[in-house]
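For reference, chains read A, B and C in written order, and residue numbers begin at 1 within each chain.
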Amino acid sequence: MSLLRRVEIPIAITIIFALIQVIPYFVNMGPAVEATQDKVVRWTLIVSTGALLVGLTSLLLIHVPRVTRRRTHWEYSLLLIAFMFLMTIIGLPFPELNLGLTGYWFSFFYNNVLTPLSASLYAILAFYITSAAYRAFKARSLEAALLLISGTILVLRNAPLGTFLIPQIADLGDWIFNIPNMAVNRAIMIGGGLGAMVLGIRVLLGYERGYLRGGE
Amino acid sequence: MSVELFGVLLGVFFTLAVYTFLYRENPYSRIAEYVFIGAATGYGIAYDLDWLKNQWVGTWSKTMEDSILFVLALLLAVLWYFRFSKRYFFLYRIPLAITVGTYIGLALRSVVFAQVIEQVRSTAALKVVGIDPWTAFNNLVTMIIVVCTLAYFTFTVRQEAAFWKPVNKFARYAMMIGFGSAYGYTVLTRMSLFIGRVQFLLGIPPNPPEAKMFFPWVALVLLGTLLGYDYYKKTKK
Amino acid sequence: MATAPRIWEKLETIDARIIYLILWIVILWPFIYPIGLPVSIGSYSLAYAKAIDDLPAGSIVVVSFDFSLGGLGELYPIAIATLHHLFTKPVKIVIIAIWSDGAIVADMVLKDLKPDQPPYNRKYGEDWIFLGYAPGGETAMAALGKDFWSTLPTDYYYKKHVSTYPIMQNLRSANDVTLLVSLETGTPGADEWVRQWYVPYKVPMIVGCIGVMAPTVAPYLAGGQVKGMLPGLRAAAEYELIIGRKGLGVASADALSTSHMVFVIFVILGNISYFMRRRSK
């Protein structure tokens, strides 16, 4: 058991699984190896579906004690647990019992509960961004002024009224998007790519262990 | 009231319940928040189970070897659960290592081409002579911004020499102008998402037209109860 | 004169709920009293439409719904218009989802469009198919690129093995795909598709995305990895005008104008009050 506890084991697993994807990609090792490589990817997908267990368990660990101990807002926690199980049960893949993703009740709940909630929660940021812009988007320095001017041009460019009143704003907005924005994002992309490569190599060499942290 | 109509009413209620948070945190917004987390998690689990079943039926149940591999993958998937055990945490690391390893391998083999080589090549291929002056100017500006921004984010070299100062200053200014684009598009997204909800509340096709009928009444009830309660509490003081 | 700075101070610390109320009003208003402002068409929207128009008959197009329900406001009009455009062309359409929410939206769009019925009359399993959700993000993209049949072995609606459908006979890997359409809200999205489908298989790609994503897609557009892009609701309106099917995008144009203009007014007011207060100090 103590051998299994050693951090070198998951590091070795990570390296092996990474190399399975990397080596046959650069070195032609024949169709059999390629088929295995492909199978490993699909097999990993099955393993990774269990990650949802972490989310589920974490939610239950927070909300079940809240309900059993009648803590503040326990009624809402009960509602959360109820909806979690409700969606899981009506979504179970048994079409013969009218359950599953294409079943009537699953469609009913995702159309009328999940969709309005999800879309509305993300959309509420429209209010906060306006309020924040009013309070904080000030030309306090040259950099802030440049961001303010460029941002305002783009806001006007995206409004049909903006391009209607000032047709040149479309060209100006597109120039900002195509030249400075593209160039800056390209530099960030190159930098990010180099960073990702370095991270990958560190993982392959066993130097990067942050993701394995935790436990006793 | 038919089930379909009740569904639309639920949709209107949950949409407006979210927005009551703009007034202040209240039981309606809390209901919306908790129901969302519960329903979204349940939904995710249902989708994963459906996919697993399809994988079993469609691919892995065909041969004995594949069936064993499938069961082994499921057993490893269960090990994720040990994330919450201090004693058996080491078991959680196994599925994590498999997932991270495959992901890193997949990303590593192509990131260099997609994000580094292709982008460097596209920048280096920009012409500055033999083309119209405006395009030449834009290409030159692009190249200078890419180089200066990359230099700005180079932390492995001490940037103490005098020439770094104007380079970094230019990169900062260029980034601010560039980020204006991100800002403008962020505003577009936030407004658009809310416009989408308004279209639902007003029953604009293909949204269900009945929503328009429920919208004012549900809004009135939610706002009325919240304002009424606050007024009651104020007068009670 | 001493009252002047106080006005600016008050204006700066205005109750946020007043701003919220104004935003509600200016977005609701144009739906009740439409203005009908014209929408000018941008080059990326034209390129997006052209990529679909130029598809040879019989091409296989993969449409991937890579988004959460949160992006519905922007991506639903884009998804409807894109699939409408594709269903009017003599091409084969394979619909997938890399995000689990994407499967819901794809289902909603398909129920709205009803491709089996007029004016499209496209046969399920022969002209189009919906394969549902593939979990795993970038790993799933790589797996699909290698082997469609094993990664998504059954279809979404009937749970039948994909090998029983004629449309899937010519689709085994990304090498068989003529065009990839990614409708996306974030990661995994364009970056990952470029890594897993463009780099190894050179599959041309067009992107419909929420506005926030647009700046990060710009380098791929300039580099040619992405052929066209519809960034957000404004572009959705432009695209609807190009293909001649007015929908939620065009219907939103006025509300986009009023909300953006009010936003700009707030920014200007905020800056005026800031400078006036600073000057008085």
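The rule is short, and it goes like this: a residue touches a chain if its C-beta (ideal position, glycine included) is under 8 Å from a C-beta of that chain, and two chains touch if they have at least 3 such contacts.
It should be emphasised that the depicted structure is a prediction, and the values quoted were computed from it without experimental measurement.
The interface with the greater number of C-beta contacts, when A-C is set against A-B, is A-B.
Chain B has the Cα centre that lies closest to the mean of all protein Cα atoms in view. Each chain's centre was taken as the mean of its CA atoms, and the one lying most distant from subunit A is C. With centres defined as mean CA coordinates, subunit C is found 13 Å away from subunit B. With centres taken as mean Cα positions, subunit C sits 17 Å from subunit A. Work out the mean CA point of subunit A and of subunit B, and you get 5 Å between them. Within subunit C, residues 20, 23, 70-73, 103, 132, 134-135, 139, 142, 150, 159, 211, 214-215, 218-219, 222-223, 232, 234, 256, 259-260, 263 each touch two or more of the remaining chains.
Subunit A has residues 41-42, 44-45, 48-49, 101, 110-111, 114-115, 118-119, 121-123, 126-127, 133, 148, 152, 155, 158, 177-178, 181-182, 185-186, 189 in contact with two or more other chains.
For subunit B, residues that reach two or more other chains under the stated contact definition are 22, 43-44, 47-48, 50-51, 54-55, 59, 99, 102, 106-107, 111, 114-115, 119, 122, 178, 181-182, 184-188, 191, 193-194, 196-197. Listed in rising order, the residues of subunit C touching subunit A in the complex are 12, 14, 16, 19-20, 23, 37-40, 42-43, 68-73, 101, 103-104, 107-108, 132, 134-136, 139-140, 142-143, 146-147, 150-151, 156-157, 159, 211, 214-216, 218-219, 221-223, 232, 234, 237, 253-254, 256-264, 266-267, 269-271, 274. Only residues 22-23, 43-44, 47-48, 50-51, 54-55, 57-59, 99, 102-103, 106-107, 110-111, 113-115, 118-119, 121-122, 178, 181-182, 184-189, 191-199, 202, 204, 206 of subunit B touch subunit C when the two sit together in their complex. Against subunit B, the residues of subunit C that register as touching in their complex are 17, 20, 23, 27-28, 31, 70-74, 76, 80, 100, 103, 112, 132-135, 138-139, 142, 150, 152-154, 159, 161-162, 191, 194-196, 198-200, 210-215, 218-219, 222-225, 231-234, 248, 251-252, 255-256, 259-260, 263. By the touch rule above, subunit A contacts subunit C in their complex via residues 38, 41-42, 44-45, 48-49, 95, 101-102, 107, 110-111, 114-115, 118-119, 121-123, 126-127, 130-131, 133-135, 137-140, 148, 152, 155-156, 158-164, 167, 170, 174, 177-178, 181-182, 185-186, 189. Looking at the complex, you find that subunit A touches subunit B at residues 4-5, 7, 9-11, 13-22, 25-26, 39-59, 61, 73, 76-77, 79-88, 90-93, 100-101, 106, 108-127, 129, 133, 142-144, 146-155, 157-158, 173, 175-194, 196-197, 199-201, 203-204, 211-212, 214-216.
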